[in-house]
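Below you'll find the structures, each written out as structure tokens.
You will see chain A twice below: alongside chain B first, and alongside chain C after that.
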Partner chain A sequence: MELTRIHPLVYLIYYFIMIVFAFIIRDPYFLLSFLILILVLISLQGISSELKNIMKLFLPLSILIIILNPLLNKQGVHKIYLFKNFFITYEAFAFGVLMSLALLIVILIFSSYNRSVTYQDMLYIFSKRLPVISMVIVMALRFVPLINSRTIEIQKLNKLKSNGVEINLENSNDDNNLEEFDSNISNIESSSNSKFLAKLNSSKKFHKIREESKVIGKIMAVTVSWSLEESMFTAKSMKARGYNAYNRTSYLSYDYSLADIFFLLLIIFTVSIVTAGFMQGYGIINIYPSFDFSFSDLPLNIYYFAFIIFLLPLIYLEIKERLLWH
Partner chain B sequence: MALIEFDNYSFSYLNSTKKSLENINLNINFGDFVLLCGPSGCGKTTLLTNLKKELMPSGVGEGHIKYNGCEISKLEDSISACEIGYLFQNPDSQIVTDTVIQEIAFPLENIGLPTEEIRNRISEIVAFFGINDLLHKKVHELSGGQKQLINLCSLLVLRPKVLLLDEPMSQLDPIASYEFLSIIRRLNEEFSITIIMSEHKSDRIFPFIDYAVFLKDGKIVFNNNSREICKEVINDEIFANYLPTVTKIYNELSNKYGKYTNTPLSIRQGRQYLDTIHDNLMKINENMEKNNSFTEANVSGNTKKFNSTKKTIKDILPFSNNKDTLISMNDIYFAYEKKNLVLKNIDFKLNKGDFVSLIGGNGAGKSTFLQVLAGILKPIKGKVKYSKNLKIAYVHQNPMIHFSKDTIKEEFLESILNSNYYHQEEFNKDIYNSLLKLEGENFIESDILNKLKFKNINYSFKDLINFFDISHLIDNHPYDCSGGEQQKIIMLKTLVQNTDVLILDEPTKGLDPISNKNMANILNTLISQGITIIMTSHDLDFVAENCKRCIMLFDKDIQIDDTPKLIFKENNFYTTFVNRMVKDYIPQAVTLDDVKTLWGLE
Partner chain C sequence: MIIQDFIQILATNISGGAANSSLSILLLIFGLLLIIGIIYFVFKMYEQSKPPVESIVLIAVLTAIATVGRLLLVSIPSVNLASFIIIMVGVVIGKEEGFLVGALTALVTSFFGGLGEWTIFQMLAWGLMGASAGYLTSKFDSIPFRLIFGFVWGFLYGWITDISALFFAGSTIEISQYFAIVIAGLTYDLTHGVSNAILLAILYNWFKKIFERVKDKYLPNIISSNT
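Moving on, here comes the complex of A and B:
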């Protein structure tokens, strides 16, 4: 959303409550409406390839939950016999389905949250309370791509053996000798160790794994020592620019706007109604020991509608933004 | 009153008896532009870090340094942090945060300014430098030049009075260096920011500095304004190399044809001087043409040699295979990502004994070319063929990443162990360990190492070490060596592994003029020993003086493949400083030696 600015703290509260709801609610109608509205919101925010990848992972997982839960869990009153003596319970099956639904919703909430609140907004929320931690996070975010590109460069060198020199490009004879030589060395190394190790060393497969792990270890060692060396300069440059001399402030600024207040009021209003509904059992259905639910019982009550309204504001803002752009 | 005063200042590092700075007396006024020059390890960085309280190295200082009348070590935190800015060499390692705006805001957040003030200052600096587009980018997406610019911005938001720049352009390519330098000059001219900068390449800086300070072994050897210092150091063995090319030519000419009112520092002033002795020069030219038209003939003969890079029918026929070809690239295509070719339709043959340099703009694919040639990157289409038993060595732009051991002697031992000496010598782990215990001279002189014979080099191990001039480093940690020294160590490491082809990525980067000459000397000796070298370089003077064959990459392909002399003779903009200056008189002169011989200035 670019045309409306909502305070990151309001977002944080809103999404947090959503996640809590996703864990509490066990009513199929509530959950299905929840899923549909979140899907609408996500599709309005734009589906990323990242989400697609997560879904590819999640779908088999959810099927696994639906299958495994009734197999492992025999609680419940309604027994369904698949074979002579083998039964699953209707409750366990329903629990599996609702569980995986809830999990799906939580994943979708997280990816929607990522699109609404950038990590900079998050930093703003935390920087006042936890300035050191937020600084560490920022530096880590800088460090990850840096160390990545460094590893790539070092890996390149390792494609040529021994520090950038390729040994005998097209001569297999010498390669054999080299291996022999290597194993000689390793034999000398292990002579003090147990005979078992020596045996392992001579076996070719182990030798290969050993060599590979040596290479990886070396790449890691060089990456780390290079990074440490460079980070001394980072530290100096931080110090030179006055780090730790005063209390830090932040360049980010967010003011609460009228939209934030309306949003907050709506959240408080709807959430209190929905919570009142929970107290009376609406939205939370006991699955064990007996799951009594029929789809003909439409939840046409004030608690359900409050829940729907709770989920609508972001969708409304997104649609409104589309209209404004056109 | 001077802004910065050095009063008989000496400094020695902790646990070191040697003085890194000795009796420095120097006054720097408000708004001065000072250039620090000197060979690596002469104390430039020590001098600069001593001016910044936060970076002051641990050690003992005698005498006084005063900033604005106040001792540096007693400056208030806020004054030291804000008014004195320090820019490091490597653009990457100074960056702390991950987005540009955060990086610029970082120092302002540190000194605790309110949010509104921070945003005002950022908006001001962004408008001044026109970096609106970069503001929300991630730092790792930027080029080296852009990173250094952001680092500079991050200092400028604090509104400094003094900028200390420690070889800020050594890691940048020439175009980025131009831009960076013009910004520095603007800051000095328009905002009167005092600038103290250390740099090796003086050609572009000399015309607008106020004065230069030449340091040697921690002492100030010369300290004068730019024109006077040119006169003073003419006969100095070391510092004559630090003068701009134009001044060097002027010095040669003025002995014969008389002095000009001012020592020329820029090409423009140099050309004005040449105009005053126009008649004399034309006379030489006429004589030259009469005497020997053979230079021209020579040139035109050479042109045919490499001119056509595309295949002729003769090349395609199988029996015409040249035995001296070590590596051949046929119809190579390469790309890092889909539909974004970096190399296209490359045909290239590396012959034995070649000394090839790759030149071309930034991002022309020079490094990629080398990595494909070395077999590090696999081409998408086409094949790289190697002759039998060929050993290739590749030295990365950043030599640091080649090292994995704690000392340099350990690095050498590892190389020797890795090479196939076990054929001839009993070089096993025990000998390795016993050698490792030796120190300094004993290690270099040890019999086992000096008995070794290297395939391509007729030197013994001891001679090699002395030839590369690294005997004093043998017990050090590789990271403690300067960039040039690291380059040399890696090259030596590859030599003891009997390499045939040396592939060097920017070996001249950040070298001072003396090291540059040493490097040229080393490479030329290796060539004469029969090793083949291919390298990239931005240093056109180095290429013109040393290489035998020069390849210019342009638009993903080899544009020109010829001798450097011919390429620079034809070029107008992308050519050496010497050639730019004397182009109208003797277009074939591309190096100082050329000018000397052609104009008879020996």
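Moving on, here comes the complex of A and C:
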């Protein structure tokens, strides 16, 4: 989509500032509106199905934070006694809740980021400054599925072998290595406390684990040596075709458009207002020593509205795209 | 209750009067930028050494192997074949390659599993794991040292990556919060360390042979030998 194409570097800056804001902001009103707008953005981007997985990760973590923080942190004025001498503070509890809210926001921002900026865009940004490293990353990304399929192939072969199918291999270095592997284990056994190990050896479970680890080790070793050999052929081939003779060009190309400039100006304008608000204490609430917050004082000031405007452009772009494609 | 008391004593002792020892979030963000700078510096150093094609492909394939090792056992999060591969690269091929493979493994894994600010700490932790293995190459022939090295790095990796969780602490950060996170991740770090140590003890010689063969055959003069 040409109309809503934004330069990846602009995206990177925008998301980075959003994350820094999520780290700093502790005002419940700011945080709640932040959360709502991010949820709107995510549902517009069509990754609300991912939300279930995110919640699976997030809920236990947030419960841990909310429970652990009051137990460890005894600052604050308002004490709540649970037992005779055991108390938690209202401030520490509120802090835990706000902290886990911020955590949720950051996780959501990252999932939205992964949607907006693909890894190819990221590599485009890298490739100007670090051409060789981005080449390594591209190659590694290509090798991962290849090596994965090789591992599966070796696993299948190993299953056949262990089921009694005979396969004639030209060189059987593997068996030598396996013997060495066995002697390695027995070396360790003899060098360390033998009573404990004798007990372990007698148990069936340990025997099973040992056999399994032997198989995993073997599969790993075969995969590694195979992939390393093959990769060296790749390298020779690349050399023969003249890699490094010229500078490489990128598969993607981006130019700064008028939309990018507007976007950047909006970011600069709103961020400077919000930062000025931070200086005066808007958005950052002092929780310790005393957390005096009531939901009745609405944050109807320019800093809050600047913050909301800062969060809107991506939602605007998504809605515009919807309308255009309708 | 005993564990709770222990945690509380630990937290109050180390933070030393809590309120005074708070540092600001800006310091943490500054630290994050510093880490990015360090990683960028190492990358740039590698770029400027004009690496030959063999070295580039070798690093790419080792990164891919470590990533597959990480993704294969993703259901058992702390059993970590990636750490083992990274340590082996550091030992056999060199400290710079160890750092690069470690840092890039974290980055490439994040393309599959999702990017976050923890990625940067993972990059640092795995990078340092590979580099430190490269510095201590000569000691790796003894089994007790291998066991200790793998075990210790299991914990160090956990502690470095735990720093990323501190960003949610807001404008003031207490050291007690960090300890809460570390204690929460204790079992994870323990299994990571133990599995590292076992893999290093059992598979070290076998993998050393494989890596050295490639190194001698294809990169005789390119990578300065450490051994």
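What we mean here is this: the second predicted complex is superposed on the first by the 274 of 326 C-alpha atoms of A that agree within 3 Å, B and C clash if a C-alpha of one lies under 4 Å from a C-alpha of the other, contacts with A are read in each partner's own complex, and residues count from 1 in each chain.
In this text, a contact is a pair of C-beta atoms (placed from the backbone, for glycine too) under 8 Å apart; a residue touches a chain by one contact, two chains touch by 3 or more.
From a predicted model like this one, the values you see are computed outputs, not experimental measurements.
A.B. asks: Where does A:F293 make contact in the superposed view: on chain B (first), on chain C (second), on both, or on neither?
C.D. replies: neither
A.B. asks: Could you tell me if A:K156 is touching chain B, chain C, both of them or neither one (first, second, both, neither)?
C.D. replies: first
A.B. asks: Which partner does A:M238 reach: the first (chain B), the second (chain C), both, or neither?
C.D. replies: A:M238 sits against chain B and chain C alike.
A.B. asks: Who does A:Y256 touch here: chain B (first), chain C (second), both, or neither?
C.D. replies: neither
A.B. asks: With both complexes superposed on chain A, which partner does A:V132 reach: first (chain B), second (chain C), both or neither?
C.D. replies: Second partner only.
A.B. asks: Which partner chains sit in contact with A:F269 here, chain B, chain C, both or neither? Use first/second/both/neither.
C.D. replies: Once the two structures are laid over each other on A, A:F269 reaches no partner at all.
A.B. asks: Scan A:L103 for contacts with chain B and chain C and give back first, second, both or neither.
C.D. replies: A:L103: touches chain C, not chain B.
A.B. asks: Applying the document's definition of touch, where does A:N247 land relative to chain B and chain C: first, second, both, or neither?
C.D. replies: first
A.B. asks: Contacts for A:E229 in the overlay, against chain B (first) and chain C (second): which applies, first, second, both or neither?
C.D. replies: A:E229: touches chain B and chain C.
A.B. asks: Which residues form the common part of the chain A surface touched by chain B and by chain C?
C.D. replies: On chain A, the residues that contact chain B in one structure and chain C in the other are 139, 141, 146, 177, 181, 184-185, 188, 221, 225, 229, 231, 234, 238-239, 243-244.
A.B. asks: Provide the residue numbers of chain B that touch chain A in the complex, in ascending order.
C.D. replies: 52, 54-55, 77-78, 81-82, 85-86, 88, 90, 92-99, 101-102, 105-116, 118-119, 122, 138-140, 151, 154-155, 158, 371, 374-377, 386, 388-396, 398, 400-404, 411, 414-415, 418-420, 422-423, 428-430, 479, 490, 493-494, 497, 499
A.B. asks: In their complex, what parts of chain A are in touch with chain B?
C.D. replies: Chain A residues touching chain B: 120, 138-139, 141-142, 145-146, 149-150, 153-154, 156-157, 159-171, 174, 177-178, 181, 184-185, 188-189, 218, 221-222, 225-226, 229-231, 233-234, 236-253.
A.B. asks: In their shared complex, at which residues does chain C touch chain A?
C.D. replies: Where chain C meets chain A, its residues are 4, 7-8, 11, 18-19, 25, 29, 40, 43-44, 46-47, 51, 53-54, 56-65, 67-69, 71-72, 81, 85, 100, 104, 107-108, 111-112, 114-117, 143, 167-172, 174, 176-177, 179-180, 184, 198, 201-203, 205-207, 209-211, 213-214, 217-218.
A.B. asks: Looking at the complex, which residues from chain A come into contact with chain C?
C.D. replies: 19-20, 23-24, 26, 64-65, 68-69, 71-75, 95, 98-100, 102-103, 106-107, 110-111, 113-114, 119, 130-133, 135-137, 139-141, 143-144, 146-148, 151, 177, 180-181, 184-185, 187-188, 191, 213, 217, 220-221, 223-225, 227-229, 231-232, 234-235, 238-239, 243-244, 284, 287-289
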